[in-house]
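Quick one: the structure is below, questions incoming.
Per-chain residue numbering starts at 1, and chain names A, B, C and D are given in the order in which the chains are listed.
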Amino acid sequence: MSLTPAQLSGTATHRFGYLGPAGTFCQMALDAWEPAQSAEQVPCDSVVAALESLRHGDIDAAMVPIENSVEGGVSATLDALSVGSDLVITGEVLVPVTFVLAVRPGTRLDDVRAVGTHPHGWAQVRTWMNTNLPSAAYLTTLSTAAAAADLDPAAGDIAAYQAAVCAPVAAKIHSLDVLAEDIGDNGRAVTRFALVAPPGRTPPPTGADKTTLVLYQRDDHPGGLMEMLEQFAVRGVNMTRLESRPTGAAMGSYCFSIDMEGHIADARVAETLMGLKRVCAQVRYLGSYARADGRLTRTPVGTSDAEFDAARRWLEELRR
Amino acid sequence: MSLTPAQLSGTATHRFGYLGPAGTFCQMALDAWEPAQSAEQVPCDSVVAALESLRHGDIDAAMVPIENSVEGGVSATLDALSVGSDLVITGEVLVPVTFVLAVRPGTRLDDVRAVGTHPHGWAQVRTWMNTNLPSAAYLTTLSTAAAAADLDPAAGDIAAYQAAVCAPVAAKIHSLDVLAEDIGDNGRAVTRFALVAPPGRTPPPTGADKTTLVLYQRDDHPGGLMEMLEQFAVRGVNMTRLESRPTGAAMGSYCFSIDMEGHIADARVAETLMGLKRVCAQVRYLGSYARADGRLTRTPVGTSDAEFDAARRWLEELRR
Amino acid sequence: MSLTPAQLSGTATHRFGYLGPAGTFCQMALDAWEPAQSAEQVPCDSVVAALESLRHGDIDAAMVPIENSVEGGVSATLDALSVGSDLVITGEVLVPVTFVLAVRPGTRLDDVRAVGTHPHGWAQVRTWMNTNLPSAAYLTTLSTAAAAADLDPAAGDIAAYQAAVCAPVAAKIHSLDVLAEDIGDNGRAVTRFALVAPPGRTPPPTGADKTTLVLYQRDDHPGGLMEMLEQFAVRGVNMTRLESRPTGAAMGSYCFSIDMEGHIADARVAETLMGLKRVCAQVRYLGSYARADGRLTRTPVGTSDAEFDAARRWLEELRR
Amino acid sequence: MSLTPAQLSGTATHRFGYLGPAGTFCQMALDAWEPAQSAEQVPCDSVVAALESLRHGDIDAAMVPIENSVEGGVSATLDALSVGSDLVITGEVLVPVTFVLAVRPGTRLDDVRAVGTHPHGWAQVRTWMNTNLPSAAYLTTLSTAAAAADLDPAAGDIAAYQAAVCAPVAAKIHSLDVLAEDIGDNGRAVTRFALVAPPGRTPPPTGADKTTLVLYQRDDHPGGLMEMLEQFAVRGVNMTRLESRPTGAAMGSYCFSIDMEGHIADARVAETLMGLKRVCAQVRYLGSYARADGRLTRTPVGTSDAEFDAARRWLEELRR
């Protein structure tokens, strides 16, 4: 299955999955994705569940977190994209991670004896909590939005805590009051979300693109990583993210999850991909797409499409 | 503060921290660490808490998880070692990750309607659960050992589940029966634990050593990673782990957590460290220590201590 | 003008130039070149003169010395091929360099008071001369063959010396006696000759081929040579000769004369050439041709034509 | 034997060899070398002869040509420095190569039927000759100065030519008239001369220095040259000359003659030398000396002596 142009444009009959429940940062990312604005939003329990729905055709695309500026790559997503039938990233969205302390109307700070949130959320508000609620207990929830949902007055008295750490949108959805805004330790934290779709229609190059890959080495010999990286360097292609991920085969067996500048339609990216294909045990192509920050790709001297074309014509002339 | 030889040998009056409660894989690692066998074992709530205790002198060393063959680097540990006053790794232990399904004596598989464990444990037994307990609910606990502890008959009826997924040792400690052994999806899963201590006394080289570093690039220019890796390659030093970790400064700003073969006392490792020190914005040295697997370091032609010494004598002769 | 198949096969009406006069090692190379065996042999005064005749169409191909195992690259040839209209190497011949001491019939060693030869010949027989004719004077001639020609009994008494150092064939042509054979200091000396022709018809690949290039750097920045060499390394292409030659523009301004393994029809050679074309100021292609020694080209894993083809098909599939 | 400071300063009792006879460009270089100005000048027949005199202690130093901006490296010098007991370069001089057409007083251009000069000189005046004396014969002499010497009116009528192509100084020495000045094809041609002395006293670093080496690869494996060049690159050391020279062992067996920026007293040069010593079969050090052009050495970030010192102190602190 591949998306038709109508599907890519997100007409109302189409379905976009995201990490639910309503009110997550992931839903904020989906809200910000223009082509999805009139589409149906489908909450999913986990990244794995979202990608399975996508592979089964139950949804048309899925918004999933891929990287956090504080926590690093989202392992669950990187791993889920690396196995199973091919899926590709067709876009990315950056969402500032802003936490609020949300309570039922009427609750005051003094009333808060326990706080519910997801462990990742808790990790990012430790400083504020130590200062303002040093004696509050911490209760784990499955997501920051779930922490807010269980506090929703409409849900009844199911929560064992009096306050939730969640996104501003979750407080709003669940009719909660915000006792404190922007309580994260790192005020500039950002999460990067990827819109994942079945393969088939790569968005056209914009001049400010990224391409995502997973590379498996042929064998684990000294210098093997350098050999792979030289495929990029010799063609002037810059990497913007490099993460090793265990393959699970053995301790010390890694694959590499990589974002590179440029689009598969660019000559230098295409030759780099072919070079990697030849020297790696496996290359998994995870899509070319417009960068969320719109930064134009740098093209070192000798690596433009025009220079690749000129070199090819010169070679053909010599070979004639 | 630095460990005295008496302290390093782990006499009874010394205190070794680990990730508690009793029965964790981390305690298994500490049990396996010979110098700690007659020392006091001190459970800690988290990696951050263990390292803080160490920095305050409340404990003499701490055993913490650093890498999992399935999940990858343990971000919490890598990040906690990268900030704050210097600590160094003085040893490593590999622990096979084997899960059991533990119940109170008398409970049968048919009685299990809910299972408690840590999310990481749950992630690694999904296949067994789907096959054998497809309708069981999953309840989150703070550790796999805590899941067993709450089932302990001596704890009273505090658990909302009938079975725990935990290490064999946790079942034993808490007087539980084992309904099924080795239920992990990946039978070869291994976790690598590091014994962390204050700086001062590096263990002597054994010929089968590793050195751990964190590298910060001077600036994020294309080819910057290659420049760092060439410092290793040109001196024949092999890396066994490379992980990028966000610095938190901005999306796309990384440092690199690296294990390399060899010991700081080796000439080629020393020259590599000095080379990195010169070209990086910051190099954090996290210790040289014997490898748990005892694999001898490969020394390419031209990189032995004897060859470094001969080259130095030759240079001194020329300079005279 | 380009050679027709008939011309390449060297039918009698065609003309092959060589460095004369008759009896030079260069003529020995031409004698050994099978396609030229029934062609007319045209002696030329110099490499420059031979290549000028070729460019004017006065001869169909020229055999010229390109490299000596003792003296190195033949600068005059390397430089003459680098400027002017394009010419290409279409074959190579290796000729052992064996010197004899030749005299008119009747002359004995005791009669030799002076020896004539070319400076290159003299340089290679110094040890024999010091031992056997320590007091003989040395007289310069324009070639080793010219030294023999002037001794030819048919030439009259024009030589001021009694013995010539020359190739065995020169002694034979000029009816001289050989007083001592194989008098060179280096018994394994070999000269490599190249058959040069107008561009147009590259010989087909044989699996044991070489390709010759001249590379001009874009500018003389540190690391510039490494950048060019990486174009070879990343595609597994081995160089068999690398010589820097001054461009004449300024002290320290070089171009690089290079022989590489493989044929322009090989995918990895073709991509290397295109890569060089993009990063160099100028690339001068001087031909692909069968190696004289028949040694098969090594093809590292990932660089065969089949692997290049597979990578291209994979890319095209992804781009669809 | 090694030069004393008094010897290096060239007091009158010392002897400096050069390529004779009087009037060569090599003597011009020696005239320009300040420390030799009151020393005795000793003409030598050849580079080999000069270096042999030096090794025997007959002279204290020798000025020899090492590189020409048009012709490239001077093979005879490069080869003679590579074998035999160690000698080192202690200085360099650049001499513009300017040719004149010199005749006996009274001779006019119309009288010139033959021209005498060294083949290198002839090669560099071809354009002028073709234009102005197209029908003149060419007669070989052992040096350009010898061509002038044989025309010297005091020498009698020994020359078979009427004009010499030589350096202006040769015309002056031999009382010749100059019919045409600056007749070289390349008006900017420069020859670089090296002052060679026994090892022992390296001139102090000036900040604008060069170091000369000959490198022999351990074996001729693909990528071997890259491995050697990386020793320079990783320490930010720039090469200003790279020439391959045959070792004479077999066709395709090369050593590399290299000039690099910097002085053996510089930390980055010293570490590069030691690195090469470890990875090469042989490294021949041919001296560190002040550059004739006074261009200051570029020192990339991270490669200054201060940064090397800081890295060493940091390492020693870690090792304590």
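The rule is short, and it goes like this: contacts are C-beta pairs under 8 Å (C-beta built on N, C-alpha and C of every residue); 3 or more make two chains touch, one makes a residue touch a chain.
Predicted, not measured: the structure shown is a model, and the values here were computed from it.
By the document's definition of touch, common neighbours of chain B and chain C comprise A, D. Distance from the chain A centre to the chain C centre is 60 Å, each centre being the mean of its Cα atoms.
Computed centre separation for the pair chain C/chain D is 27 angstrom, with centres defined by C-alpha atoms.
Contact with two or more other chains is made by residues 230, 233 of chain D. The full set of touching chain pairs reads A-B, A-C, B-D, C-D.
Across the complex, chain B meets chain D through its residues 202, 218, 230-231, 233-235, 264-265, 270-271, 273-275, 277-279, 285, 301-303, 307-308, 310-312, 314-315, 318-319. Of all residues in chain C, those touching chain D in their complex are 67-72, 75, 94, 140, 142, 186, 188-190, 192, 222-223, 225-226, 229-230, 233, 236, 238-246, 248-254, 298, 300.
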